[in-house]
Amino acid sequence: MSMKRRIGILTSGGDCPGLNAAIRGVARASYEMFDCEIIGIHDGYRGLIEGDYSLMNRSQFSGILTLGGTILGTSRTPFRDMQVIGEDKVDKVGAMKKTYRDLKLDCLVTLGGNGTHKTANLLSEEGLNVIGLPKTIDNDIYGTDFTFGFHTAIDIATEVIDRIHTTAASHGRVMCIEIMGNKAGWLTLYSGVAGGADVILIPEIPYKIEKVADIVEARARNNKGFTIIAVAEGAMSKEDAKMKKKDRETRRASEHYSASGEVARQLREMLGVEARSVVPGHIQRGGTPSAYDRVLSSQFGVHAAELIRDEIYGVSVALRGNSIVHNPLKEIAGIPKLVPEDHQMVTIAKHMGISFGIG
Amino acid sequence: MSMKRRIGILTSGGDCPGLNAAIRGVARASYEMFDCEIIGIHDGYRGLIEGDYSLMNRSQFSGILTLGGTILGTSRTPFRDMQVIGEDKVDKVGAMKKTYRDLKLDCLVTLGGNGTHKTANLLSEEGLNVIGLPKTIDNDIYGTDFTFGFHTAIDIATEVIDRIHTTAASHGRVMCIEIMGNKAGWLTLYSGVAGGADVILIPEIPYKIEKVADIVEARARNNKGFTIIAVAEGAMSKEDAKMKKKDRETRRASEHYSASGEVARQLREMLGVEARSVVPGHIQRGGTPSAYDRVLSSQFGVHAAELIRDEIYGVSVALRGNSIVHNPLKEIAGIPKLVPEDHQMVTIAKHMGISFGIG
Amino acid sequence: MSMKRRIGILTSGGDCPGLNAAIRGVARASYEMFDCEIIGIHDGYRGLIEGDYSLMNRSQFSGILTLGGTILGTSRTPFRDMQVIGEDKVDKVGAMKKTYRDLKLDCLVTLGGNGTHKTANLLSEEGLNVIGLPKTIDNDIYGTDFTFGFHTAIDIATEVIDRIHTTAASHGRVMCIEIMGNKAGWLTLYSGVAGGADVILIPEIPYKIEKVADIVEARARNNKGFTIIAVAEGAMSKEDAKMKKKDRETRRASEHYSASGEVARQLREMLGVEARSVVPGHIQRGGTPSAYDRVLSSQFGVHAAELIRDEIYGVSVALRGNSIVHNPLKEIAGIPKLVPEDHQMVTIAKHMGISFGIG
Amino acid sequence: MSMKRRIGILTSGGDCPGLNAAIRGVARASYEMFDCEIIGIHDGYRGLIEGDYSLMNRSQFSGILTLGGTILGTSRTPFRDMQVIGEDKVDKVGAMKKTYRDLKLDCLVTLGGNGTHKTANLLSEEGLNVIGLPKTIDNDIYGTDFTFGFHTAIDIATEVIDRIHTTAASHGRVMCIEIMGNKAGWLTLYSGVAGGADVILIPEIPYKIEKVADIVEARARNNKGFTIIAVAEGAMSKEDAKMKKKDRETRRASEHYSASGEVARQLREMLGVEARSVVPGHIQRGGTPSAYDRVLSSQFGVHAAELIRDEIYGVSVALRGNSIVHNPLKEIAGIPKLVPEDHQMVTIAKHMGISFGIG
């Protein structure tokens, strides 16, 4: 390969541990394997639309493996509602294509979640050479066993549960800990098991508050004066699940609504117990990536460079078992991966006596 | 000393890292220095009132140095309002004295905060031999440089700020992080400096929101698109500070009020920026004590045993400089220690360019 | 199932994070799914041979999820050299069978590494109902993608590399960090990638010291005054690899030999650089399990209980992709799992420019 | 003050957590309080001698609060033996003075340990305006209660002891953990108490191995099958202490000597127990500073700037109780601070039953 490749790279969507490690993987492997120039595009697709970018040099990818955040900056995806094909969208796509062409890019690498992948697929359909890398603490991207960022978030959420455990036990309280994950229960399921939660409530398995109350009471009868409830931010009761989607989302969007606050409030009312809600929030998505995520991010980044070397585009990198593979963008873009009700982890959790607030 | 000493020990008030380390210190040093029996009183003063206790054996104090929470259980102080001398109080004091006498205790060691110390002093005035140990993550106990639990909480709050920093920087947001400390600003002051906060708001220095807004705007002008604001849970604006105490507390007691939420809301309204509030809450008070707090708790516990050996009662153990000392209970009980406006840490923070939302 | 099952459980071989979490998983799932009694056998096979055990009660499995070590105690496997079928061995096997029969066990669950599995298989062949759980920080057990303990050790080793990185960079030194793993390179490979090592030396890929020296010199030419070398405790040069196995092992058994010390010494001699060796040793195998290992240990433990419920014996639990499965003991017992030279992680590391001291 | 101050700053001696936080403190407070230019001198006194430096800009001090190592680089002190006044020394001092004059510095800020302070004092005596900041994980600088770096090292050493504890207990072993501290026992004393060590051996209190053996045996009699021994790298037996200093140091300088290895070897020989040595080494001095050290480093740095503002030179910044103060360089430079035998921490440790291998 005598030709010099020009690679554009951007990070889009929410902050997530491992972004810099993945960027470093793409860059180090590209410099190692072929002649290349890397263009850093600023603040996600915004920079691609507005032509805001800079030519990177090799030393800028040094020392960033452990660094939280993204050295490229990020912004939310440009198309909130991909269904609406309006003039604005056409303009934005046009602007992105123009920047790609002006920069004479051979390839665009996009790091992001479901929204980012939708746009990546759109650009791929428009003829650009695009490779996606699945990042999100929510682990809700179809086609990959795990996204990077997810395991760091499990570590943080588990430490939160550990610390709350102490207070719950010393005071004999019901503690409802709200864990991120958007509309998926993965993060709550894993950190709930790791933290030894007594009850795990996830969006995919709507709960009955009476069943949760039963657990609290059964524990009290067995001289366990406290209960730890891991509540996904998207968790919903069976009643909520039956509401019209729009009504439910309106209610949830209200400033003071929280899934864990709701559970705590109902338990206080039903049982008269001291039930409290803790919402650790954004600490679950920031800071240094864990060893697991540094390895996975590096692997994803290097595989992207291998794909560029082999001129394979229109794909997203993925983990399958212990192998790093890739899926066609069009087969996975925008398809959310939810927890199946009969997932082995759910069964295993039930077999340990963890309640999902049902049956 | 041929006589066998009978020592009662209880933990009262909120959960705090280092309680078990301090209990272990009292026990190990007592067993080492003199003949003794140790009675564990359950759930704080509740156990003393109701005669709920158990004779401990030496092995029960083994392996608890690193354990969060309290092996003795805890409960809130029995007298919410010490000013009201009612029948209830007389009864409770009588019950506590009776248990003390029935158990033939030579001494009662109480681990707790300001409320606990008030009751300890009351029992001391009633003729019981009492020794207090100052524990609280708030560091608001008069007469000691530091309480145990405080430094562990600094570590946790600092890690929270570190993780939020990443998100703030990647997204260009104003993040208002609410830090515990009751009515004192110690925890916010120390963790704010350790976490590199741009603004620190504490109850002792009421802020003007306009001054906070000025900082956010000045940073934006210098191409720093984000601002980290450490907000004490007791922080208040100058307007709040002028309100009648009762009105202020009523407002603050409302379910959805939070000091950090208030700051974020006002900045959103004034500047139109994306300002968010994070309330890590109870994670600041649970879990394994840090090395610092294991040392301090051990020192406090051992000094209590030294005092028992020397039959010095009616005192509370304290840290002064690098020495472990003791103060008469009646001189310190219930006097809150607040951050003086001209404290050296405040001056140093100001000299680094950290704003307190004033002047 | 009306019958009460009697389950014996033991932990054997080296200390490893997650042992208690796995014990808890077996116990909680067994109590949840069927009527049972659990017998804790003390200090591994020693307890089985000597009849040293105790009947456990349910509360003993509470609060141990996060606890390092093993509540059952452990000892080295009773048969150092399984090839020697001597009288001693026959006696020991007989003693173990006798205890199993005396206790009227329905099943024996053994938690351990390769040596433990060999003995488990032996007992299985003798007609006992045995289920193995693969634990080791070395990840060298055939038939499972990962063993529990491995990921906690990666976290610790990575933190060690992170901290050494600072010193190496500030002083411009070559730092050789010795990482555990017995005769396998898994732990060094994963933590080397996670810690950003420049060179990774593992037993499966014998190195040429000249190639390592080339890297140090090349970095110096590029103004990188330091080099981080992750050295597996079992790493060996091509010359070492050619020695007779017995001679090599004799040399390595000498008190002051260390693989990393050897590398550092040779680099000092060849290049005159300041090269140092760090041997963190046992800290890589102790303490609280990580969230990953708590989940994996729990899954393994629960699956063992599911197997008992279904009366499936003579197997070892395993992770395959994301599924918890089981392998026949006779197909996996004692077969070490080494890093294949063309493993995808090796290729990926090479593509990032990490040297393995070869070619 | 209309005049612009020119400030030189350098870091000298071993890597230590908090160096960058202290540099940031000096810079932020200087920029905040007066008009200034800051010159970063590279690699300690080497840069001052050779005229290797660069003019810093404000943004270079941003984002370094949590960064391990030193952005300025470091080197060992230029005068290994300060007693020898040879030509070389005169030349080096002359070169340093020349660089200071050429740069038209108003002040030189030096961050380092005892060796660094000696040179700082020498330069002060030669008429330069010098301010010292005491950094070292050894805490062995006279005149300050604590140096920065010390508390981070306590945290790391304590975590090491925690992890080793698990293995010791599970296997019933004697574990000798070697802790840094040069010729002072501070780090071992504090981390030994924090980690719950059974025996603490420090240079200031020479031990008798028979007394250590007594503890191991007494614990075995009480069914504690393991013993944790925290051994300072400078610990010595009474016999060692009586040797001629030169002979002792020659022996200790031999490649394979280690204080902890010596203790383990003797216990194996005397008692036939399984006693092992662990030498975590350099991990105790690298990486991100703890919250405590970030605060202390910042305070020290800001106070240096306050001294520059007030034109107070020839001093070293110090912590006394809770106040940041300063001492004349000539009164403290090069005086090592050792643990007094009757230090309150030693007494407290003894009262908890911790043995120092004596009496």
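First chain written, first letter: the chains are A, B, C and D, and each begins at residue 1.
By definition in this document, a contact is a pair of C-beta atoms (placed from the backbone, for glycine too) under 8 Å apart; a residue touches a chain by one contact, two chains touch by 3 or more.
Note that this is a predicted model, so its numbers are computed, not measured.
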Remotest chain, chain D as reference, centres from CA atoms: A
Chain B-chain D separation of Cα centroids, rounded to whole Å: 31
Centre-to-centre distance between chain D and chain A (centres being mean Cα positions), rounded to whole Å: 42
Residue list for chain B, restricted to those that touch at least two other chains: 162
Chain-level touch network, classified as line, ring, star, complete or other: ring
Chain A-touching residues of chain B, taken from the complex the two chains share: 14-15, 68-70, 73-75, 156, 159-160, 162-167, 169-172, 175, 255-256, 276, 278-283, 285-287
Residue ranges of chain D touching chain B (in the complex, touch as defined): 25, 28-29, 31-33, 65-66, 145, 151, 154-155, 158, 162, 190-191, 193-196, 290-292, 294-295, 298-299, 302-303, 305-306, 320-324, 344-345, 348, 351-353
